[in-house]
Amino acid sequence: MYRAYGFDEVAIVPGRETCDPEEVNVSSTVGDQKFNIPFIASAMDGVVSPEFAVTMDKFGGLAVLNLEGVFTRYESPREVLEEIIAARTEDVTPLLQKIYAEPIKDELVTKVIKGMKEKGIRVCVSATPVRAKKLGKLSKDAGADLFCLQATVLTRNHQSTNYNPLNLDKFIIDMGMPVILGNCVSYEVAMDLMEAGACAVLVGIGPGAACTTRGVLGIGVPQVTATMDCARARDDYYKKTNRYVPIITDGGMTQGADICKAFASGADMVMLGNTFAKAQEAPGKGYHWGMALPHPYLPRGTRIRVGMCGHLEEILIGPAKTDDGTQNLVGALKLSLSCCGAKDIKDFHEKSTLIIAPEIKKEGKIYQKAQSLGMSK
Amino acid sequence: MYRAYGFDEVAIVPGRETCDPEEVNVSSTVGDQKFNIPFIASAMDGVVSPEFAVTMDKFGGLAVLNLEGVFTRYESPREVLEEIIAARTEDVTPLLQKIYAEPIKDELVTKVIKGMKEKGIRVCVSATPVRAKKLGKLSKDAGADLFCLQATVLTRNHQSTNYNPLNLDKFIIDMGMPVILGNCVSYEVAMDLMEAGACAVLVGIGPGAACTTRGVLGIGVPQVTATMDCARARDDYYKKTNRYVPIITDGGMTQGADICKAFASGADMVMLGNTFAKAQEAPGKGYHWGMALPHPYLPRGTRIRVGMCGHLEEILIGPAKTDDGTQNLVGALKLSLSCCGAKDIKDFHEKSTLIIAPEIKKEGKIYQKAQSLGMSK
Amino acid sequence: MYRAYGFDEVAIVPGRETCDPEEVNVSSTVGDQKFNIPFIASAMDGVVSPEFAVTMDKFGGLAVLNLEGVFTRYESPREVLEEIIAARTEDVTPLLQKIYAEPIKDELVTKVIKGMKEKGIRVCVSATPVRAKKLGKLSKDAGADLFCLQATVLTRNHQSTNYNPLNLDKFIIDMGMPVILGNCVSYEVAMDLMEAGACAVLVGIGPGAACTTRGVLGIGVPQVTATMDCARARDDYYKKTNRYVPIITDGGMTQGADICKAFASGADMVMLGNTFAKAQEAPGKGYHWGMALPHPYLPRGTRIRVGMCGHLEEILIGPAKTDDGTQNLVGALKLSLSCCGAKDIKDFHEKSTLIIAPEIKKEGKIYQKAQSLGMSK
Amino acid sequence: MYRAYGFDEVAIVPGRETCDPEEVNVSSTVGDQKFNIPFIASAMDGVVSPEFAVTMDKFGGLAVLNLEGVFTRYESPREVLEEIIAARTEDVTPLLQKIYAEPIKDELVTKVIKGMKEKGIRVCVSATPVRAKKLGKLSKDAGADLFCLQATVLTRNHQSTNYNPLNLDKFIIDMGMPVILGNCVSYEVAMDLMEAGACAVLVGIGPGAACTTRGVLGIGVPQVTATMDCARARDDYYKKTNRYVPIITDGGMTQGADICKAFASGADMVMLGNTFAKAQEAPGKGYHWGMALPHPYLPRGTRIRVGMCGHLEEILIGPAKTDDGTQNLVGALKLSLSCCGAKDIKDFHEKSTLIIAPEIKKEGKIYQKAQSLGMSK
């Protein structure tokens, strides 16, 4: 048994060089798409609507629309969302079950994707393996730029005698467009997914301590170790093939520091759910929920109140009104890079050093000097 | 001093293969009895009544009836149970002391076992070493299928000049039927108990942090390490003798994840008390208590309220109404195995990997994506 | 830097043998005095009065009377104690300062010791180095059996140009009676104190997490490591000289488990303050306080309410009315020894094994099976 | 990844020798200035006013006046301070932003420094790199004794194409007076700053768990490891050059124990903010705040209430009215040194031993014997 580490257990050591944070470049590339900021909004109905995706694109990031959510099941998804938001706590679970039992409509899939394309943005949509073939074809035909095939645990070798498992390699060839694959947490599986043809790999299974996956199934790897292992696979795969498959750390990050540590661990981009669910532009209006599929193994969806902490602009580029690391994430990331003298994310991979330094909760919050959080300029 | 690990300190790493959870086989065998689900209900009066044992058998598991509890002391145990449940908190301890001072009746032992056999179920009964000879003979004569000889700490070498210690080897030969022995926590003692002839070995001494054994005596080994060590003994004993003695992890598991980790640590079955005490079918009706023996070294029994969280069916095979890992334990176990590509429990022993990844309690519970807890199908 | 361990971080692993707890012998010897139970009450005014010492002797243990407390400063100490107990919280500190500013009376020292001797008990009294010569002589003349020279940190090499440091070697020779020395925490200092002639060594500096010594000075060693290191010094010193100098673990133990672990770590006896302050016979009547010396470096004394948890008899030999490990300490210790097949404390030193197994606090207290806390008899 | 340690995770092991705490010398030297007590008050407006600096000097310590605070922006800083203290919580942030937007006046810089010099004290003033040249020259001309160039992260190699980075080596030569540089946390950067000509090096980046730097940027190194690493650089640099550059541990210390551990880790002096903000002489009158620079990367300043815990004299040299390690810091430090037999701070560096011994929070505070916190005299 080896020890795995999460965000709360490590810290970044500043290096011998520093640089001007305003000159730091945090852009990242997935497939053939370059994004000015390395943030991706999770494919969840409380986080990403077509309108949210447009706003996210405006700031240089990416939002993934879930093709298995309300936007492809209902003509008037807004009403459905309002119903979820307005429901009494005790009624939420059966309501979600009912709402997500409504079939997905092909024409809505097409319409939603085309609608986003018409706004001139890069469109990324997601589906689970069981619906991947059908939704994949519809997405491609409608003009999506990126397709995200996502399951809690995805491998290249899935066996069943009940049904015909999706062949990842063949699926990606058939798609003929960039496909993001995930989620995984180990060197071996990340390597498998890259070899299957992924244009990017999502990293994160049960990353949070309170995670359902970890609490119910016992499965999970803390994100620092998971990201490091998968980044190693990326680097080895690149040496072998000269193809660079970016690593997207997905989940477990709750504040700016966690995001900075994900990049220091080797991430090329990060995928955030909760963080963006708090944006005023998020369709959940301060609520966030899992999609209650009628699956016998599934814990049912619950709705939680995350609150709203500002416009997406404040969350991404500030100015920060709070000092808790939930606003101006781009500024925090640039400053963190500059403290290590890193000009861009790949430079940060090389120059940053992590130490094991668990956060110890003090009863009385220690007040810290904030007078000169700038660099030595 | 070496480091020992408990459930909260480890996590399962999913492997390179996955499989269809519906094709996973979680059956297990003890002695010559095969059980479709690898769950055993603890021999405690708040958990197992003869009726509960029948229901448990129906779902494919096993419930152990304690031969030193109310069912063999009273003609009308139901009234006695109701008295315990209805007692005011301050009256419980003396009441329990009085109730368990009533002698065990040979004829009730026989009647209770025969009654269960008449329902067509596999019958497993338990006794402590001091009463093992007498209760063992009665059990065998009445037709019990399995006998469980259980003490907090059981060894093959017990010394006393005050009384004649039970010779485990001879006892098992005399019984001439499968005998489960426990509890133990180390390679050496597990090996001793297997060599004494155990048909299965119970693993777990003071596993919980708040455990009386650990709090009062300082004795205890966290269950992951204990299970791993005893499973190693099982494998070595098997290599030597070609006899496979299953390991039953007993105690310390509070949610589905813990159970999955017990199997990943090497368990063949798990024994659960608290979990089943919460079933509506449990005789304790939401209460659970230790049996207050008039022993000078014993902390007296206390009654605690565990509440009821659903029918045994919901606990075992769902559908889960909560996402806290206390319902649909069979589903959670199958899904956990399928995430490691394991077709059955022995396959899981080989394919699962554990990492050290302590659970860090966050103040604000992190919301996790639950959209696709299924596999990559 | 090496890692040091405290009671909460270790657990005892039961061995391959067990024995009848009723045949376990927990007696221990200090100097030429044999004690049937290895428990010593701390030299504090809230814990030990001359009457308490008599009761403690009756049960086979030892209570140390502090020669610098109220019993040697006042003709009517009972009235002074009642004043402390009755004081309002805000008045306690100045009151304690006033009370302990009263000079120690030689005649009271003599009278108190003679009074205890007349009851036929073994008398042990304590003093700090600064008053050791004077109080030592008075004690010896009055017939004390054991003298305890105790400072928070005691070494054989104390330097000062302001005053003439006490020469420990010479002091013990001059005393011509058994002298206990402490406190220390390391192999080297324990060895020094043994070589200086100690009849026993007290182990423990800042053992508790909330300890003033540790919080104010940063000084402290967790008790498991401290006891192990000093016990190693004892064994090496014994090999070299054939003189066995018992180790007394002093402080940091809050429940039966901690005491059992102290012995498993190598202790020959344990010294307990808080535990005995809770006895109904303790002079503090449920209160406990430090003695507020007018020393510029000293944090002032505070009085805390510890409550009363039963008669000394219940605390020592039960029957236990609670299951929290604060009653029937002798029973718990015997049972812990018997779980390791140890017939006496030295046997326990050899046969017990400790593992590193931190206690993890669970939100919901786990209920443990308490049905058969007896051995395999 | 290596493990780094903070104050809460280590403890000091007392040694084989002890000495009279009254003979311990805790003086320290920075540049050509000797200070009788090794305590420096942080350059923050809630902590250091010119008057506070005079009082601090009287007790033998040093207070650093921030040249970018209210005292150099306003003719009547007292009124401004009162405005901050009196503001309602919701108005504080915009008020601080407004107040610190007022330009720094050259003539006030000169006046403030000259005013302090006239009181006959050693004057130390601080500035950030961006204003260092200008404020440095003014300081030198006005007669300051020490100049402190401080940024959250300072390196010898800062790069920018937007502006001309400050050349540390040249700046120090141009200044022609002792310059303290900081903050840093690693051997390499401490060595760089010493080679750049620092007269002392400040150690500490994000030391507290709840630190903004750590929470927002993920950057930080626990202070024990940071101090040890930088002290190693100091010792190596001294061997190489025969110039001794003292290490000042800055931040993360909340009680006497932490301060003692900083010195045991290798610190020559410590810089304290919160501790001195609680003095009745502090300009913040029980409040403490960061200076809200209009910087896009900066979390805004917040004001927190720290309360007042006594006069500076009580905090420094007692007598302590509390036992929580926040008063009589000099006494605690001397006593801690004496427990290790150390006559002065450099002797303490050699003789003290640290162990890894995490503080475990107990629910019920353990009462500790406080009877003899003096040495073995």
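A, B, C and D label the chains in the order they appear, each numbered from 1.
Note that contacts are C-beta pairs under 8 Å (C-beta built on N, C-alpha and C of every residue); 3 or more make two chains touch, one makes a residue touch a chain.
All values reported here derive from a predicted model rather than from experimental measurement.
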Neighbouring chains common to chain A and chain D, by label: none
Taking each chain's centre as the mean of its CA atoms, which one is most distant from chain D? B
Is the contact between copies chain B and chain C built from the same residues on both sides or from different ones, judged by whether over half of the numbers are shared? different
Determine how many degrees of rotation, between 0 and 180 and to the nearest 5, align the Cα atoms of chain C with the equivalent atoms in chain D. 90
Chain B and chain C, separation of their C-alpha mean positions in angstrom: 40
Where chain B and chain D are represented by their mean Cα positions, the distance between them in whole Å: 57
Multi-partner residues of chain C (each touching 2 or more other chains): none
Chain touch graph shape: choose line, ring, star, complete or other and state it. ring
Chain D touches which residues of chain A in the complex? 5, 7, 10-23, 255-261, 264, 318-325, 328, 331-332, 334-336, 339, 341, 354-357, 359-362, 364-377
So in the complex, the part of chain D that touches chain A is made up of which residues? 1-4, 6, 8-9, 42-44, 66, 68, 93, 128-130, 150-163, 165-166, 168, 184-186, 188-189, 192, 205-206, 208-222, 225, 251-252, 254, 273-274, 277, 288, 290-291, 293, 295-302, 304, 306
